[in-house]
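Consider the two complexes below, in which chain A is the common component and chain B and chain C are the respective partners.
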Partner chain A sequence: MSPANSSPAFAEELRAALGPRLLRVESWQGREAAVVEPEAWLEAVRLLKSRGYDFLMDLSAADYSGFPGHQAPPLGVSLQLFGSGTRRRAWLKAYLPLEGARLATLSDEFACANWYERECWDMFGVEFVGHPHLKRLLLYEEFQGHPLRKDYPILKSQPLIPMRNAVDYESVAAARRAAADEDGLGRG
Partner chain B sequence: MAGDPLQEVVVTTKLDRVLGWARKYSLFQYPFVTACCGMEFMATSGSHYDTDRFGAAFPRFSPRQADLLMVVGTITHKQAPILKRVYDQMCEPKWVVAFGVCATSGGFYQNYGSVPGIDCFLPVDMYIPGCPPRPETVIDALLKLQDRIQNQRQALL
Partner chain C sequence: MDIAQKLPQWKAGREDGFDIEPLYINMGPSHPAMHGTVKMVLKLDGETVVGSEVEIGYLHRCFEKTVEMKTWNQVIPYTDRLNYVSPLINNMGYCLAVEKLLGVKVPERTDYIRVIMCELSRIGDHLTCIGAGAMELGALTAFLYFLKARESSWQLIEEVTGARLTISYGRVGGVVRDLPANFAERWAWVRSQVEQNMEEVSVLLNTNRIFLDRMKGVGVMPLDRVLSYGMTGPFARSSGFDYDVRRDEPYFAYDRVRFDVPVRTDGDNWARYQVRMEEIRQSVRIIDQALAQMPEGPVRLEDPKVTLPRKKEVYSNIEALMNHFKLLMPGHGIRPPQGEIYSAVEGGNGELGFWLVSDGGDRPWRVRVRPPCFPIMSGVEELILGEQVADIVPIFGSVNMIGGELDR
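Moving on to the complex of A and B:
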C-alpha cells in the first residue's frame, strides 16, 4: 500500500469522486492499482473514461484463495485502461466472494468488454450483471464449473466423448497429497 | 522354363505386396492442424524438405478423400468430437499419425482442457515425438509408416 500523497493521479481522481468506496491503493512490483468496492465498479470506470482513459486494454481475474497474506475476498477482478490522448494508464481492481461473484458489466462503456467478461465468466465464474450475451467464450456449454478457480480439481477433465485410459484425477491427486505429506512439505 | 516368352514381359508378385506398394506411395493426407506444430508441418511439406518426394504430401481438405489423418497439435476436449467425426468420415484403409507430443500424450498440458493424447479415442499408427518435431523426425516417421503399409495385410473391403 502506498501513502496517499504518492498515489497516482487516476487514484486521486477516484478518491475525490468515490470517497470511502475507493478502498485502498495496492502496489505490486511498483505498479499501483485502485481497489474499489464492487458496487462502485461501473461508476469508477465511467469516471475514468470521462477523464480521457478511453481504451480498455484488458480485463481479467485471479483467485487469491490461499494466497499468503491475502485478507480481502478471494476473487480479484482487475482491468487496465489506457488514455489514447494522455498516453497514461489506470489500473482498477475489485475483490469478490467466490459465492455470488457479481459485477456490473462494462460492455455498454467498452464494446471489447463483452468478450473479456465472457472469458472471465467462463474461467472464474464472475457474473457480469447486464451483459447482453453472458455465455462461455472458450469452453463448451456442457462444462461444469469454472476451471481457473482454486477449488476446481487441478486434474479434472470433462470429456465430451468416451475416452480410453483417461486419468482418474482423484486417485492421482490423493497419491500426490500422500507423497507431499510423507515429504513433510504440507502441500497437496 | 527356359525360353518361356512370358518371362521377358511379366513380373509376378503377391497381391498384398502390390497393393501395399500402391497404397504407400499415394497417401492423401488430411492435415488436422490445431497448434504450433503446424508451422513445422508446413516446413516439412514445403520445398526445402519436400515430403512429395516420398509420395505422401498430397493434402486433401476433405476427410472423404483422405487416407492419412495427420493430427498436428494439441487436441482439447472441445475439439475431440470434431476430430472423431473427421476420422469416422474417412474411408478404409486409413492411418493416423500423432504429430508432436501434444497429439501423442498431451505434452506438458495436464489440465481441464486438453486430451492426454489422441489415442484416448483414436487408433494411432505412428507417434512423432518432439515439441515440435524436427522435419527429419517427421520424414523418418513417414518412411516407417510406409514400411508398415507395405508389409501389412491388405484388407480388401
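Moving on to the complex of A and C:
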C-alpha cells in the first residue's frame, strides 16, 4: 500500500479532540484504524470531515464474536473516510454489543450514508439513530434476523410470508366492468 | 433532496386551483431498461418525476455470508460473479487483497498480465455500457457494433482463461497460466476490431441529433453531490472528480505505464459517454505498453505456503504431494496472519474495494466488498428527480448498474 494510505495523523487529531473517548488505535499492516466510543461516532466523523476527509468511501461492519483475542464488544462498525483533495484515507471503528446495537446516523453528513447504513442495519442489525428511512436494503422487510452476524446459521430457512398488499383482483375487475357499463363503452 | 430544491419552477398543483394527483408507477423489476434487477417506484406529475424510491436486492446471492464458509481460494470463483461484465478485475482485486494480507508479492510478469487482462475487461465493460445505453435510445446499430467489438475481446479472454464469463483466472500468488504464445498477434486483431467499431460508432453517435438531445444536459450530477454520495469511477470523473485508483494508488504495474485519466466537468449523460469512450482508448494504450514492457519469467509465486506445487511434481515426489494436501485439506490451506486489510482496485465503475478480516484460519472471517456502483445507485433517486420519465432510461444506462456487484 502506498504511504499516502497509512497516515496516522488523523488519529492524532482525533486524540486531541476526543481525549479518552478515542479508545485506541488498531494497526494492521500499516493501516491504522481509530477506535472511538460509540457516543463519539458522529463527533469524530464531523471532526475528520472538517479536516479534509470529506468523502465517505465505505461503511460496513464485522461481527467479532468468537474472534481469537477479541476483548471489545463484538459488533465492529468500520468506516472509511477519504480526502477528495488530499487522497488520504482514515479508518474509524466503533464496537457495539449485539443486543441494542445503536449508533448515530451519518446521513446528514454524507448522502451515501443513507444506503450504507440501511445495508448495515439489514445485515448486522445496527440501529442508526436519526436515520430518515431505516429499512432493509438488500433483503425484504419480513426477513427474520440479521444474516451476517456470526450467530445466524448458514442453513437457516426463512418462513413463508403472506402476499404483501394483496389486491382483490375479482372486485377490481367487477368495478371496472360496472364503470365500463355505465360509460356505455361495453365490456372492456 | 426534494423536488422543490432540484426543480424550483415545479409547482404542486395548478394555478387554476385544481390539484393534480400524482401518478405512481412501478418501473421494474421486469422492465427492459432496468437491466433485470432494479425496481423504481416513481411518483409522477405528468411526465415529470417528482419523487421516487429505488429498490435493490433482487440479485442478492449472500456472497458475503457464503464466502465465510469457504477457504480463501474458494472465494475466487464467487468474485467472478460480482461484476459479470468485467469479472477479471474482481478476480484480480480479490487476489491482490489476499496477497497484501499474506504479505507476498507476485512475480513481475504476473503484474503485467493482470494489467492486460483487467484492461481487456474494462474495454468490454465500457463497450457494453455505452452500447446498451445507445440501444435503449433506439440506436441498435451502435449496440451491434460494440457487441462485435466486445466479442473480439471476449474471444481473447476465452483463449487466455478458457472461459468467457466465469473465468476464475486469478490465483492468490499469480495467475493460472501464462498468456498464449500468439497473444500479441491476437491482441492486434482485437485492437483493430475495437478501434474500427469505436470509429464507426463515434461517427454514428457524436453528431446524431437525437442522441445528443437525449444525452446533453440530461441527468446532471454536480461535483459536490458526487463527493457527498461517495461516487468514484467514470461516473465521478465526468462530474469533475479527478480520481482514479490506477493512477493515485497504483497497484500491479500501473505505475509503469503511461495513460491519461479523462475528466469532464459537465456531469451529464454526454460527459459520461465521452469519458467512457476515452477510457477505452486509454485502456488500449495501456495494453500496448504493458505488452511491450512485459518481462519473461514465472507467472506465479513459487511459495509452498501460498501456491500449489506443479502437478508434475505432485505425481513424482513426496514433498510436493504433502504440500498439495497441506494446501487443500480443511483446516490447513492458505492461512493469512490475523489482521485486516482494505485493498482497492479501479473496477469498471470505480473503486472496487475488498475489506478482508482474517482470524489466522483457513477461511475468511469477513469479506466486505465495496461495490463501485452502490454509492452511484444510491444517488439515482436524486439524479432522476425532476427529469422526464423517458430520460430515466439513458440516465440509468449511464450509471452502469451491475446487479451482481450491487446486490452481491
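FYI, the second predicted complex is superposed on the first by the 151 of 188 C-alpha atoms of A that agree within 3 Å, B and C clash if a C-alpha of one lies under 4 Å from a C-alpha of the other, contacts with A are read in each partner's own complex, and residues count from 1 in each chain.
Everything that follows uses one rule, which is that a contact is a pair of C-beta atoms (placed from the backbone, for glycine too) under 8 Å apart; a residue touches a chain by one contact, two chains touch by 3 or more.
In this text the structure is predicted, and so the values were computed from the model without any measurement.
Of the two partner chains, chain B is the only one that A:158 touches; chain C does not reach it. The larger set of touched chain A residues comes from C, when the choice is between chain B and chain C.
Looking at the shared chain after the overlay, A:87 reaches chain C, while chain B stays out of its contact range.
Look at A:139: by the touch rule set out above, it reaches both chain B and chain C. Of the two partner chains, both chain B and chain C are touched by A:147.
For the contact definition in use here, the residues of chain A common to its chain B contact set and its chain C contact set are 138-140, 147, 152, 154. If you check the complex, the residues on chain A that touch chain C are 1-2, 4-5, 26, 28-29, 31, 33, 54-58, 60, 62-64, 67-69, 78, 80, 82, 84, 87, 89, 91, 110-112, 114-116, 123, 136-140, 147-148, 152, 154.
The residues of chain B lying in touch with chain A in their complex are 77-78, 80-81, 84, 110-116, 119-121. Against chain B, the residues of chain A that register as touching in their complex are 138-140, 143, 147, 152, 154-167. On the chain C side of its complex with chain A, the touching residues are 56-57, 60, 62, 64-66, 69, 100-101, 103, 225, 227-231, 241, 243, 248-250, 338-343, 351, 353, 355, 357, 359-360, 365-366, 368, 370, 374-375, 377-379, 382, 407-408.
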